[in-house]
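Pasting the structures in now, so scroll down.
Look at the two complexes coming up: chain A is in both, with chain B in one and chain C in the other.
Right after this comes the complex of A and B.
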């Protein structure tokens, strides 16, 4: 009888296998992946063009931020956005209807791990496809980007932190689907909040002080604004490290909420028809 | 207390779904916004049975009888409204990992395989999920593939497999962790006769080789007759029968078929009420020159139909 591998090794093995499986799946649809990646670029390019136009009309800066810094913000934004794409709560309705949730619940693994492993795998082909796009954007918009080594290191950690926080938050939102059939309207409110106070629509420094105060108490900025600013914002070292601690905090909160919401919601799962 | 030997112990199992209800039309739709009406649907109502190690038991009932709901509770997908269940000593709906590693639920209409990839990739993912040591996994996988004769299917993307082919690889994927208890919900649904037989033989071989306990639902009586010595019958969520398959005919078979071949080669066939079999046979023998005589229970399909009708 072979001995069982340790829990940690098993999780590492699962995440590696799950990522590999998803990369293989992505390669089945190369054209679709490329079109999706191009679509992903549209949103930040629109923001970038708008803010550069505003900067040019105000002597080359917006609130002291130069056009090159704005370009850097939105080019890095695209990378961060690619990284923090997770299984959306909207997918839960289909997952339940199609019986996929039943399949997942029969496995000796919390479903959140499956989502996190597979979406981590999605990112690798996206990154490969994004690289030439980033070069093209840089040639067109001339970003001002000169990060220190620590900023690069913190950025790499922070984009994964952002991914984990967003995955956990969206899983908790997904649990609402088990409590109410159409939870879409609740998700929309959440996404509105994220759009406004995460740094996704507008860099937080462009927002009024009261909005920045609200953002400080919510998880959103740690999934967009912080990773971007870690690379482009010239943040002091202690601010970078404090930011990572905040990401750890929100990860902890997310883990507790995932555990509690799953425990409550799963009792209401009716698995009707599948 | 459940008997010590029971692998599956079910006592007074109940499941009540609370479902919203309204009449058709816009007015009823508007009314349901402020005065929603609910109805309790008693899907499973006091079901009790035990399964011994290695038993293959047919779980029968018409559509909506509560079979799938019961299987979902036994596999931990659903929380029951009442009653007591232990499977391999675990309470299923606690969904302990050790429990989920020892059971499987195969549903004829469910797909757990990666749609775009060959089944081998899904098997590999299952290896990681179930934490199977690589050597054990490889041996089991190859053995099951050989047993079901699907060597040429597991390298094709799942989306390119036919329903029957997909079901076969689905079954293998569900058994890679060598579960001790199999809950099979219509595993042959929609398959042609050859494919049904292949799946049946596979289940029988798995049961024999690994001593697994199997609870099987199927609308194909050929599945039940081939695999199950014992059947549990439920209707409207309630138990109607728990016993040997042949005893089902004794209890619910309303008639027997008497077939006689006469000396001149003519064949007489007649259905008689069960309690009149002896007298009818005696009369037939007395009134005719009979060279051969058979008395048979009705086909199991007819018996089951009779059970549900009653």
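Right after this comes the complex of A and C.
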């Protein structure tokens, strides 16, 4: 008697195959991957230099944060940023215009899984490419970094949690493209919010208290600030575990929104393609 | 010139079909400026001067960066993206086989008119920055500023051309826009803020320092006239290198789609 593989086993197989394919593909284009990684690293290096300059002008600290801690924050930031790269909502316009979505609709899995498996596979080559850059940045900027084992474990879980939350959120944003031709402006507003209250621009402790209060009610800080702080911030264990619970909460919200937005938006899809 | 004018008219006509995009561009530009000003406000809430630059002076740097970014996004980037895509798809022979200078041709075919909104936004930010300086800008400095802007734009064009020419060897160049956008953010702050290795890289290897900081120096009374001469000489050298590299790259092209 032949037995069907379980649903969980099928998902694991799908993700493993998708990731393996992407790892092989990305290593084929090493130069391109490296250049992309360099572009990604520039943004935090700029912030790092600016805030380090301010720290050096004011006795070595900004709001009590030392230059070494600032360096650690932004160097870990680069790694978190790499993990936070997901399929862009801007890409949905081309996907819809050229009918690329049609083939995914014929397959048995929800389309969100294809993007998540693909970009999860990207992480491994990017990590390999990023490692020497992280070493070079550490040699230049001398970060203060001495995490406990639990902080390392939570960090590893949290960067994948951040990846899942951001993937789900961007999928929901992408669904707007099916409902309006002017979704780009909405994306811009979303990214503006993310930039300001995620910890991407500056550590949230540098922001005014009202901005920190807003950040507490939005998903952004759980995709940037929390994973970074988990490794560099010396957070107590209960705060680390609470942070993971918040990530679970936003993952749940994202899943519901993906399910609902896809159900509504897909009725408006009419392109045919390959 | 006739060819450039024809392509410019075509580009404008094409963009005028999508007039609503003008308002989208305005929203995007306003958001970009809002974020940049918020960052400046945040930085200057912690300090009075950044490496000797006041907030008003940094507004001028920011304005120049936004303005030049608008020029590049409207005219240079779309052409270079099309070039790399055509090399990858093997369609560049359509351009190479035409009886005109190939570099000129591949640099003129695309125009994103509405991106020029950033030129206006940048201009306004510069004007606000200059008005808050408390010192007037002389005619000589104003002319130097305009000349240095042109030099800056041509340096960034050459940088893009050199990068895009790399597509003759590295076929998959999907990362170019991201790479440029990442590096171009360096120009948002005065080049003197960065450590030596980064400062020299971003001045001579990637000419962001010459393109953005030097024009801003003209309006903030920080410009040494020797810098203008160096900028002119450097722009000529970079242009010759870019043109030679382009011609060399074309010889490596082997696609045939026609």
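Basically, the second predicted complex is superposed on the first by the 269 of 274 C-alpha atoms of A that agree within 3 Å, B and C clash if a C-alpha of one lies under 4 Å from a C-alpha of the other, contacts with A are read in each partner's own complex, and residues count from 1 in each chain.
Here is the rule we go by: a contact is a pair of C-beta atoms (placed from the backbone, for glycine too) under 8 Å apart; a residue touches a chain by one contact, two chains touch by 3 or more.
Because the structure is predicted, anything quoted here is derived from the model rather than measured.
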After the match on chain A, would you call chain B and chain C a fit or a clash? fit
Which angle, as a multiple of 10 degrees, do chain B and chain C span at the CA centre of chain A? 90
Applying the document's definition of touch, where does A:138 land relative to chain B and chain C: first, second, both, or neither? neither
Once the structures are superposed on A, label A:29 by its partner contacts, choosing first (chain B), second (chain C), both or neither. both
Scan A:99 for contacts with chain B and chain C and give back first, second, both or neither. first
Once chain A of both complexes is superposed, is A:185 in touch with chain B (first), chain C (second), both, or neither? second
Chain B versus chain C as contact partner of A:41, first or second or both or neither: second
With both complexes overlaid on chain A, does A:63 touch chain B (first), chain C (second), both or neither? second
Using the superposition on chain A described above, determine whether A:207 touches chain B (first), chain C (second), both, or neither. second
Please state the minimum Cα-Cα separation between chain B and chain C in the superposed model, rounded to the nearest whole Å. 7
Residues on chain A touched by both chain B and chain C 29
What residues on chain C touch chain A, complex-wise? 20, 24, 27-28, 31, 34-35, 38-39, 42-43, 45-47, 49-51, 170, 172-176, 178-183, 185-186, 188-189, 193-195, 197-198
As the complex stands, chain A meets chain B at residues 2-5, 10, 13-14, 16-18, 21, 24-25, 28-29, 99, 102-103, 105-109, 266-267, 269-272, 274
Which part of chain B faces chain A closely enough to touch in the complex? 17, 72, 75-79, 95, 97-101, 103-105, 107, 109-112, 114, 116-117, 121-122, 124-125, 127-131, 133, 135-136, 157
Can you tell me which positions in chain A touch chain C when the two form their complex? 29, 31-33, 35-36, 38-43, 45-46, 49-50, 53-54, 57-58, 62-63, 140, 182, 184-185, 188-189, 192, 195-196, 201-202, 206-208
